[in-house]
Amino acid sequence: MATVGVLTGGGDCPGLNAVIRAIVKAAEQRYGWSVKGIVDSFEGLIRGSELRDMSSRTIRGILPLGGTVLHSSNKGNPFTYQVTKNGKTTIEDVSDQVLANVEKLGLDALIAIGGDGTNRIAHRLYKKGLAVVGVPKTIDNDLCATDVTFGFNSAVTTAMECLDKLHPTAASHHRVMVVEVMGRYTGWIALESGLAGGADVILIPEIPYDIDTVTHKLMERAKLGAGFSIVVVAEGARPTGGDVEVVAEGGPGKGLERLGGAGQRLAECIIERTDLNVRVTVLGHIQRGGSPSAYDRNLATRFGAKAMGLVNKGRFGEMVCLSGQEVTSVPIAEAIADYKWVPLDSGPVLTAEAIGINLGR
Amino acid sequence: MATVGVLTGGGDCPGLNAVIRAIVKAAEQRYGWSVKGIVDSFEGLIRGSELRDMSSRTIRGILPLGGTVLHSSNKGNPFTYQVTKNGKTTIEDVSDQVLANVEKLGLDALIAIGGDGTNRIAHRLYKKGLAVVGVPKTIDNDLCATDVTFGFNSAVTTAMECLDKLHPTAASHHRVMVVEVMGRYTGWIALESGLAGGADVILIPEIPYDIDTVTHKLMERAKLGAGFSIVVVAEGARPTGGDVEVVAEGGPGKGLERLGGAGQRLAECIIERTDLNVRVTVLGHIQRGGSPSAYDRNLATRFGAKAMGLVNKGRFGEMVCLSGQEVTSVPIAEAIADYKWVPLDSGPVLTAEAIGINLGR
Amino acid sequence: MATVGVLTGGGDCPGLNAVIRAIVKAAEQRYGWSVKGIVDSFEGLIRGSELRDMSSRTIRGILPLGGTVLHSSNKGNPFTYQVTKNGKTTIEDVSDQVLANVEKLGLDALIAIGGDGTNRIAHRLYKKGLAVVGVPKTIDNDLCATDVTFGFNSAVTTAMECLDKLHPTAASHHRVMVVEVMGRYTGWIALESGLAGGADVILIPEIPYDIDTVTHKLMERAKLGAGFSIVVVAEGARPTGGDVEVVAEGGPGKGLERLGGAGQRLAECIIERTDLNVRVTVLGHIQRGGSPSAYDRNLATRFGAKAMGLVNKGRFGEMVCLSGQEVTSVPIAEAIADYKWVPLDSGPVLTAEAIGINLGR
Amino acid sequence: MATVGVLTGGGDCPGLNAVIRAIVKAAEQRYGWSVKGIVDSFEGLIRGSELRDMSSRTIRGILPLGGTVLHSSNKGNPFTYQVTKNGKTTIEDVSDQVLANVEKLGLDALIAIGGDGTNRIAHRLYKKGLAVVGVPKTIDNDLCATDVTFGFNSAVTTAMECLDKLHPTAASHHRVMVVEVMGRYTGWIALESGLAGGADVILIPEIPYDIDTVTHKLMERAKLGAGFSIVVVAEGARPTGGDVEVVAEGGPGKGLERLGGAGQRLAECIIERTDLNVRVTVLGHIQRGGSPSAYDRNLATRFGAKAMGLVNKGRFGEMVCLSGQEVTSVPIAEAIADYKWVPLDSGPVLTAEAIGINLGR
């Protein structure tokens, strides 16, 4: 029986376990492959760690769970791997070691579930001969080559539920609630959670915001007796003329991520210009966690079954994706070309402005 | 300022208030129309009841609410209206009265939000000269002419959450849980909630089920030590050779709906054939209620804004719809042609079978 | 190191895993005992099945899970055990076998987590010399000797969330929603979920209901323009003069439980007497499932830690309980004396009537 | 018919609308009083603003809503009211104006729902002759004279749900998650949400924490292969020897509240001392929002009905409270004497330590 290894890379994302489960079930029930789990993403392959047997029995109950039973790691890029020997740290290319370990561990193919970074690594390994299939993953929904990624709907749902909680508080206390949501480069989460959560202002990285149109909107609402406003701001949103200031996750050295930069900065600007009563909430990591939504469980399950189908057909170098309502596949190379920005003439953007939501422009 | 009336017809569906809100906001912020609410669907137009002023202020806070602030009614079909005079009840066509009332009430156009029935009425009134735009609504997702209807994702989510609750109970007590979900004619809710909720068997109206393949699957799981199973059955599912036995909502006369016919019948069949420990749960009306999901709020909001845009352009006789990722419109006539059945070669069906879910065939 | 065995008996109840986890953690971190899991309740002890090692590692992640990782069984009463030999079935007392197995398996003590039935068995075994401590468990909250049981708040929460979903549907469609909740003998769930879910009528086993006062209340609401009502009825509620008709869980032979008897009967009575638009929903097993509420996780955790403390002190024959805000213990004998009925002059009952809720009297 | 006014003061708290609803329903159904709503707390009485008619009809649907339909205000202390005349701002005692307005508005009595501050004002007005009854309100559960306050269970539930989301993320990525929850002066929310959410370390204001015992616990878990930890820290927690540094809500002048001081400081200390992978999440205002839990709705409803009963009996100067399982009342004077600290030998604290949770001591 042929054997496929599975790994999960990059940041956390609701639905990873649903993909893993679907791969295992499809391998067992349909394709007759055996599945092995690789722990800690490419790090596990670099170390050549022992694999985990994956079967219907071992994956029982993981469908509704957040996180990934295979764990993840941000450190294991085999092309730029940090090696410490005799107290000296160097950056080395250990990709040959990965290929050797894949063979040594008896893997006939690999499914790599991850975001931009993971798929880039998968692509480079594929060009070196690895039989690999990619599954896209990001809560940010910013991978081109797929209309939607699993995890996104769950993140939007979590953010919307928080907005639902903040709404009556804002109204009761006549407040402007500034809510920072995830989205370093793109505004998908901000836009969709803001629409769903009844935001009055939504600020996204794709539209540098004019602070004066924002405060004008807030003052207008105050004048009309609304007495409160909800402002959703993506962590990558910035004012016109503002610098692009983005701190990579984990940052350099041991530094902590900065908390809520975009939300805090915006709130300060509003306070400087108005006498409104402003509060900031930074949703942070809860957007990456929790049980996946129905939409995401189904998309992830379809992605997993499709990936196993591609493996079975030997269609390596491809990545599964959603196109319209169909799950299909594209060359990984296409998938990692660029971010998928929010198109400024797309349905949600036009709808937002039609119902009077201010986008800072 | 021109005035548009809005009504909601048919069964309950999460997202109705989000549509109403988007219509009002788009009318106010973008198109310069005034909006009036018609209470109790076409019944309100037949009676010529007083209209409700709808403004940003009156609709505040309704986005997350289930139900419809405009109420609904199943009785008000103006073409077959039940009239009781002098103790005698007759069925009459009062559609002219509706047209007259629309004029008397000062409405320049109408937006009808509803399912199959509501859109059929809207279409007939349109052919008689009413300036009407339709918005499709059904938790069952069975309207052709739109890829997805709002309310469906919320119903699937509610059903999935119930399955999540039943799963550990089934596992702890070695039980077969038969769960009946909505879907008189189509299996969309059963299929998507079953996939998302980890069902082992999913039975839908589109596939008359062979009870022996079902019990075979359940016995196989018992033998393999799983010790429990989850069976999701649509209320319209029936065994091969079984009669199509569907009771219309509300039923004839004053009769109560029968509770859980499909689930109960299936459970009895399983018990006759096996010694498995079976329990039935009928989810019922909770699937129609609750706060709409993020997906549905956004789809409903886009539908509402689009409907107001169609009204403003004078594109009457059309119904808004989702095609791929785009909100667009079609003639209402197309929309009411037939049910949208689950295609047996669609992605979710193929995925279900690839991961070993039994569909009764 | 001394060893304690743990088992879970009876119906499902959110919080069982939280008790198990607290026992294991307290044994490990505080008391220096080793913990073994007994699978399938007393059935496991009768068969003398292999025990499961329980440690911080094996119980990781179970706190939020419904169900019980040790599984349960309704069949294993050692005093009336059904034995089938040579095709003949007899009822035997195998309690000596249990005591022998406890010794053979190397258990120095036992913690039995369960309801009325489980604690009765524990008590009888204790009198025969078993070193056993009890932990009360029932979603029905009907065990005397403890102010509250874990699982109850979760069940009330689930029922309330369903009522929240049904409320707008009832209001939108001018309906009377009859909602049957659990409670064969006592009305705790009905009373507390009805209060929390905004019920207009709450019917409990402790108060045989006068159907005329119920329909009077419903008609009065209709007259005042409320146009809808929510009626919560415990499965054990019955009309005045009605027979006490209670079907034991699982019933005799292989029969299915009857679905929604109390709710269905009540709805029929309302329909006979009024022209109201009535719908029935039977919440069923979802009330037993799902992730335990914060209240229940904490109560269960306190119960588990306390039980392990009692074991360590050799206080056998006792059952942990909540008294006011304190977790303490009582002799098991006291705990199984009688049901804890809803006192008709208690705070929740008086509050319900003060705010105009009809209790059928 | 006599008339009672109702106001809600202080910060937001789930359950306020449930209290209001119970007062209105009890007044209408039981006591024969008319109820008027005072908008914006004491501010509304100072301004003598128009009152709102409150009836079953106007309060329909508010039971599950967060916030308060009567709005709140932090500015309206009539004893130290900020008055701006001719560009000059002074602090004045306008309590006589409040008493005069109460009479002018035709109020025979007042129910003040609020926290420490609101009850202090109510008490001083009572001593000046106002017929006032108090209802305690705080999510922090830190009011002495009542065993539990409504809002607390909801806040704990929200925090626990966030911990549930963060748990798998922490585990998947081998992280220490530092989660800051509300609690400036007391640790109730941190303790109960930490217990319910499976925290490994819980730091509360009542126990200044020794950073070395905290990092020791975290390193020990890392060594034992747990690979991740959850640390819950109250916003008022501080290290031993640390300064008591608490910023009042809203702060002086127009300043923003500082985000996540306690969590950020703790994370930095852990990073300085270990090589653990640390992330901070600050839950913030979402803990004050959202639909009240079943527990809180029922406690709030009982408080509201009881308050109306006290008004009807003329028992002014009293505040309703929970004692054990009974709702009763105490003189307001007793209620505002001091904070209710977490007793260090209470059940939850002892349980936490018994199961190995580190409390920083």
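Labels for the chains are A, B, C and D, by order of writing; each one numbers its residues from 1.
By definition in this document, contacts are C-beta pairs under 8 Å (C-beta built on N, C-alpha and C of every residue); 3 or more make two chains touch, one makes a residue touch a chain.
The model shown is predicted, which means the values in this text are computed figures rather than measured ones.
Undergrad: How many steps does it take, at the fewest, to get from chain A to chain C if each step moves to a chain that touches the one before?
TA: Graph distance in the chain contact network comes out at 2.
Undergrad: For chain A and chain D, what's the span in angstrom between their mean Cα positions?
TA: Whole-Å distance between the two chain centres: 35.
Undergrad: Let me have the rounded angstrom distance from the C-alpha centre of chain A over to the C-alpha centre of chain B, please.
TA: 31
Undergrad: Determine the centre-to-centre distance between chain B and chain D, using the mean Cα coordinates as centres, and give it in whole Å.
TA: About 41 Å, centre to centre.
Undergrad: Mind pulling the chain D residues that touch 2 or more other chains?
TA: Residues 164, 167-168, 171 of chain D touch two or more partner chains.
Undergrad: Counting only chain pairs that touch, give me the topology of the graph as line, ring, star, complete or other.
TA: ring
Undergrad: Let me know each pair of chains that touch one another.
TA: Listed in label order, the chain pairs in contact are A-B, A-D, B-C, C-D.
Undergrad: In the complex formed with chain A, which residues of chain B make contact?
TA: 21-22, 25-26, 28-30, 56-57, 60-61, 63-64, 147, 153, 156-157, 160, 164, 167-168, 171, 192-193, 195-198, 224-226, 291, 293-295, 297-298, 301-302, 305-306, 308-309, 324-327, 347-348, 350-351, 353-356
Undergrad: Once bound in the complex, which stretches of chain D touch chain A?
TA: Residues of chain D touching chain A: 8, 11-12, 16, 65-68, 71-74, 158, 162, 164-169, 171-174, 177, 250, 254, 256-257, 259-260, 264, 267-268, 271, 275, 277-282, 284-286, 288-290.
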